[in-house]
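Across the two complexes that follow, chain A remains constant while its partner is chain B and subsequently chain C.
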Partner chain A sequence: MNVLVCIKRVPMVGGKIAVTADAQSVETRLLGFTVSPHEECAVEEAVRIVELRGGAVSVLTLGPPDAADQLRDAVAVGAGNPILLETDGREWGPIATAGAIVDAVRRHESSGEPYDLILFGNEAADTGDYQVGVRVAHELGRPCVTGIKHLEISDVAVRARREFRGGDELFELNLPAVVTVKEGINLPRYPSLPGRMRAKKAVVEQSTPERHDDPVHLQALRVPVVERQRAEILGTGLEAVPALVALLEQLGVLS
Partner chain B sequence: MTVLCLVEHDDSGPVDASLRALSFARLLGETSGDSLASVLVGDISAATLESLASFGVSDAYAVESDELHAYAPAGWARALVELVSTSSATAVVAAGTDRGNEVMAHVGAFTGLPMVANCYRASREGETTVRLSRQRWAGSLIEDAVIEASPALLTVAFDGVVAEPSPLPTSPTVRAHHPSLSDRDLSVRVSEWMDRSAGISLADARVVVGGGRGVGSPEGFAPIEELAGLLGAAVGVSRVVTSLGWRSHNQQVGQTGTRISPDLYLACGISGAIQHLAGCQSAKHVVAINTDPDAPIISRADYAVIGDLNVIVPALVTAIRERGLGRAST
Partner chain C sequence: MSEPTNRASAVIVGAGIVGNSLAYHLARLGWRDLVLVDKGPMPNPGGSTGHASNFIFPVDYSKMMTELTEDSSAQYKELDVFTESGGIEVARTEARRQELRRRASAAKAWGVPHELLSPAGVAKLVPYIDVEAILEGLYFPTVGVVDSLRAGTLMREQAQQMGALAVRANTEIVGIDLSPDRRRVKVVRTTGGDIETDVCAICCGVWSPRIARMAGASIPLTPIVHQMISVGPIPLFADTVGEIVYPIVRDMDTNMYERQHGGDMEVGSYAHRPIIVQPEEIPSIEESVLSPTELPFTQDDFDPQLQDALELMPELLGDEKVGIRYAINGLISMTPDGHPVLGETPEVKGLWSVAASWIKEGPGIGRAVAEWMTGSAPEIDIHETDIARFYDHQRTREHVAARAQEGFNKMYGIVHPAEQWESQRPTRLSPVYERERELGAVFFETVGWERPFWYASNESLLERYGDRVMPRSAEWESRWWSPIINAEHLAMRDACGLVDLSAFVVFDIAGPGALPAVQSLTVAQMDVPVGRVVYTPLLDERGGFKSDLTIMRLGAQQFRVVTGGATGMSEKKWFLDHLPEDGSAQLTDLTSAWTTFGLWGPRARDVLQVCTDDDVSNAGFSFGTCRPVELGGIRVLASRISYVGELGWELHVPIEEGARAWETLWQAGHDHGIVAVGIGVYGTTGRLEKGYRAFGNELTGDYNIVEAGMARPSVKKDEFIGKAPYLDQRDREPAALLCTLTVDDHRSASGSLRYMLGGEPVLSLEGEQLVDEKGRPSYVTSAGSGPSVGKHLLLAYLPIAYAKQGSALTVEYLSESYPVTVAVVGSTPLFDPDNERVRS
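Here is the complex of A and B:
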């Protein structure tokens, strides 16, 4: 079973986002970077599939040279074959990103390594476009389902479950297929010491993709104005408890 | 010319997110003089038709196909693509739900057109130009952008738009549409549905008691559970709590968890990272208990208690019991 996981490098924004002076990107000078959460789970899922059924996990990202760090994070928890589609750091929209991934998949598959399953995160934490996986699937002529929180795999098919209105709906897809997953599908492991060593030594395959046209033009990024004011402080420590009880009564939740 | 809006519905009519999408689509149409057309898969009930009329729909397309009784993302998308030409659509809009985003991504892939997710404002500026504002980082950042493509494919941010009926109600013309679906359009379909609903659902709870890193351990959740029981509340947690394996992911509130919209959210020991705030910004009232008066949650809360939740929550439980208040005080 050959599984390809596509991940995205995103800043760790914590409690507040700031925008650069030209309003074209998030100010990241003081921030660390991580793998977008849904994709962290996609990596874990791919590693579990291969542990169970044998095969290999490849991991791919499109981004600046530093995005190799996130590929190494994936290698540290069990992925192999890190592939970097290197950009100059400008943002690539979903059409351009999907186009570059399709080109890379075709290149790898023509050299004899077809991917049985390609995994994505449901949406990236930063841009939230919800579509790169679907576009890649169409271009490659493979079935696709999104938002998956449970996956079972056989030699020829996947059974995939996702939440819908308080229940689960089940999809069955023939392989090769494309699946986008959500956080909660698993609890990603921490890297082991040997994993970290492997990540350090891993050779990242680097190439510069061709940029496909994208007719969506970013004008500006801005932080929304939050209307809510600072909270009314009911008190400090135990002395605040009577005020808290009174508030709960006033809000009508102590019936 | 029309703006087409995909409408998801259940037994009681269009779902709330779709009513918001209809409002958004109508306002977009008003900037270009386009009428509003709705698309839904299945029969249009009387209650649904009434809603569509009050939201200003002129043409109500009912996609009729035996093969679409089970949801099929590419099948729905195929029907929308066909209706783009039937109705001369200048834009196609759907709610930013799992299904809405999925179907619109397929429409984008079928047509090669850009799809922009989580918009909350859009206006037409030229024959093939739409100016829009959309949410990034689940609403913590706004992107202003221009699309130069027609039709514009947009999904609507759930908490960015109000469901507002049209000032000019309509009497929609119902039009049946029979899509031509290929095997490939139907290769991915819901094959089974499993009901899992038990107890209070986090997404629908009127009161949620939240616990974060400040709870300190899996065992530390006992007082939180007890308080939730007294308030008839669901328990919610922050991402760090599920990442540490203290609680299951289905209790996670946030960008990559569940979005809640209770009357009261009592956030205990939760600092308020963007990831978490994205999931609770629709709460009517937020009360925070936190040791750090400068934590981001405090600036988003209506009321706050500065202190350790592991002291305050047990005391609160005792106080509620002593006064004979709360539910199931046994």
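Here is the complex of A and C:
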């Protein structure tokens, strides 16, 4: 099985996020980086498939030179063939991103083995467009399902299951196929020390992708004002009753 | 709804191990209406305590750190949060093996159980260590791990149960308001309201400098990264009940440690490049992914350490199923000299710094500072941590960062006791610095001053004195040393030496209230004639040594204090704190106005007489007096005292005339055999032969005047700090006495001659620790050559039963025993016991 996993370098943020002065990106100067939990699971899923059935896992990202760190994280847990489509780090948007990935896939498949399966995380942790996997599948003319929580692979097909309104939907797709997975599909392993050392030595294949046009432009990022929750103690025991009654009247719930 | 307190006896900022411990100990000492504030939630507000590795190795070269750790361990045990695991420091190199022996001797000195083990012995305790990777191990069975979060919580809750403490979590400090004269704390302003208080204790670790700055004070420390990862699940640890069963391993040569934590192995590193984080860059709690002191891991910095860890524990850590489950760049505090920063800030009264503590001394520091805040010297002598010790240049961001960076990779390093800093040099230069460079001075740095320890140009003296210079062959004690020191010593005692003493701290106490002010601090009588020089100890409230210094009475209302550079700033604060409220005595710092040279030796008078027409004969200028003297075309203040035990003077010169004064003396001394003499002589060889004690070595808070052999026949009628305990001490038999010992045989097991450097345990002939009635172990407080008496000299306090002239004992140096003999009990000098030279 030849599996390709696509990941995206995103900042690791806490509860409060700052935006750069030009409002074009998150302020990342003091932040660490990672990939979305969906993508972590996608990498884990790919590694498991190949452990079970043999073959190879390639991992690809579109991003700045430092995105090689995220590729190496994937290598540390068992992926091979790290591929970097190098940009200056600015957001490309889903159309241009998908276009560059399709170009890379076609390039690889023309000179080597086709990818039986291309895995994506359901959405990137920062932009959350939900589109890249679907667009790649469409351009490659391959079947695609999204939001998958369980995969079963055979030689020619993949059965994929996802949750939907309290029930499950079950799909069967012929290979080659594209699947986007959701966190919960598996429990990703942590890298081992030898794994990390292999990752450090791994050679990253680097290229500069062509940027396809995208009619959608980011105007600005805005951090919404968060209402600070406040709690007011009306009183304790019987003392609180008058204030409580007054409040209920104010809310209009007393008949 | 409860109204927030708006008046507190003290506001404690920071609820880490230190803040919680301080709150508890203050409550225990009777403080009420305490308020503890933290911007984070309880029980883990997100400071360094929250992610600490939590293990405690009991031994340190510093007696103070060892005692603080011992006290902290006892407190942790009392709180039932201490798990003994044992710990092993392993050596991968020969240099480290010698270092382990040095540590073993330190452990012996402080009574810490330890055992040197072969690799096989180590493997018996830690089966997953690769015996091929190590040469030896030093095992400490009493090493343990603690739950510092729980300990802090229990201490805080105890204070609350006593009704002494209100806790305000999720509350930020927004300002500290001072009195109109800007000298005292008045109000601490928080996001939860204002609190009126006279006392604010800053216990915020990495945030401490920011909080101090709100009050216009400085706390010299910097946040710095220390990386750690946690790997698991370790199959071998699957059956572990509790937190840890295998000993902790400190892989010193690679600057790493490995400790079991339940089913995981925590691997920490001090090997990476020093990563300083500016206080403004520390994220808030909301901004943090984990906590403000658990920063994103920088993989590249840790990768070389993965290799080192794998080498040491190949099967355990090389298991593909064992994953790196946690990895952080942890934030900790580092200070310029590696010691905590404790005490009332010199800038603002009532503002206390309780910062830069490790988990292993947190509770002990809480207790000591609580005692200090309550008005008494703490039971454990912590003078080395006094925040008042810093000079202005040491408080600068650049200095703090540079020294923290230089010190970081030395955490597990082999650091020679005399090892010199390299960064930020030179900073403070004597007026004769260039002259000294021309003479080939080998400079050591003391509180920023470049001080010549010996002069390469004196190498020619080696031939003159031959073996009397007591040469050393072993590398360790030859490091940062030269036989030229001993040659200078002999030349000074033969003729005359000129010593640069620019590093002194000098300040005047003047005004109508000056005499009572100094009288209330000194042991010695200060109502002496004008022109008298008084050497005197100062005591703390418990009757231990606070300092020792000399004071010249320059006028009816003017007293000039001269003291060593290393302690001068702390002493200055001590005087300032005890000046009368009415302002009738004022302190003026003259350190940068005066320089001092020492001129000593049998020909010193001859040299001085060449330069001056003033009467400097013994009759005309007696010992222990001071007066202005014309030195050629300048006027100097000559003070006839001697820390090297020779005839001569300290000459105080206006700093801008220092070079001329030196040149005048140098020329005058040409025909009298004058020699430039360095601090190697002034600080060690000269005084050891004379039995002159040094503060910090012999004179500490742990010992008293009687034990140090410095009691005078009578005690002055005037009140002074420490008088009552001192009178009591004089009435009792001392538990120990300070003695001078000589080394009888320097030959080691391998046949080389070895020379102790200080800190070694003094043991009975059977190799048993000597401990006096007060529980104090005997150790070498100072060691050095005594070239004039031809012996290597050691000073040590001995329990009264052993403090007899001629007693045969042993000293353990690098884990080998050497026979020593008590040469002197008390302060009688070995050289010139009747002080004929000094008084000639």
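We take it that the second predicted complex is superposed on the first by the 228 of 255 C-alpha atoms of A that agree within 3 Å, B and C clash if a C-alpha of one lies under 4 Å from a C-alpha of the other, contacts with A are read in each partner's own complex, and residues count from 1 in each chain.
Everything that follows uses one rule, which is that contacts are C-beta pairs under 8 Å (C-beta built on N, C-alpha and C of every residue); 3 or more make two chains touch, one makes a residue touch a chain.
Source: prediction; values computed, not measured.
J.: Does chain C touch more residues of chain A than chain B does, or is it the other way round?
T.: Partner with more touched residues of chain A: B.
J.: Looking at A:Pro65, would you say it contacts chain B, chain C, both, or neither? Reply first, second, both or neither.
T.: neither
J.: For A:Gly89 in the superposed arrangement: first (chain B), second (chain C), both or neither?
T.: neither
J.: Considering only the touch criterion stated at the top, classify A:Pro114 as touching first (chain B), second (chain C), both, or neither.
T.: neither
J.: For A:Leu193, is the partner it touches chain B (first), chain C (second), both, or none of the two (neither)?
T.: second
J.: Pick one for A:Asn174: touches chain B only (first), chain C only (second), both, or neither.
T.: first
J.: Tell me which partner A:Leu30 touches in the superposition: chain B (first), chain C (second), both or neither.
T.: The second partner, chain C, only.
J.: Just checking: does A:Pro224 make contact with chain B only, chain C only, both, or neither of them? Give me first, second, both or neither.
T.: It touches chain B, and chain C stays clear.
J.: Intersection of chain A residues contacting chain B with those contacting chain C?
T.: The overlap between the chain B and chain C interfaces on chain A comprises residues 13-17, 233.
J.: So in the complex, the part of chain A that touches chain C is made up of which residues?
T.: Within the complex, chain A contacts chain C at residues 12-18, 30-33, 69, 72, 189-197, 200, 233.
J.: What residues on chain C touch chain A, complex-wise?
T.: 1, 231, 281, 283-289, 295-297, 299, 303, 306-307, 309-310, 317-325
J.: What does chain B use to touch chain A in their complex?
T.: 10, 71, 73, 98-99, 101-102, 104-106, 108-110, 112-118, 131, 135-149, 155, 184, 187-197, 201, 206-207, 230-233, 239, 242-243, 245, 249-250, 252, 255-257, 263-264, 271-275, 285-288, 293, 295-296, 298-308, 311-312, 315-316, 319-320, 323, 325-327
J.: State the interface residues of chain A toward chain B in the complex, per the touch definition above.
T.: Touching chain B from chain A are residues 13-17, 19, 26, 37-38, 93-95, 123, 125-131, 133-135, 137-139, 141, 143-147, 161-174, 182-184, 187, 214-224, 226, 228, 230-238, 240-245, 247-249, 251-255.
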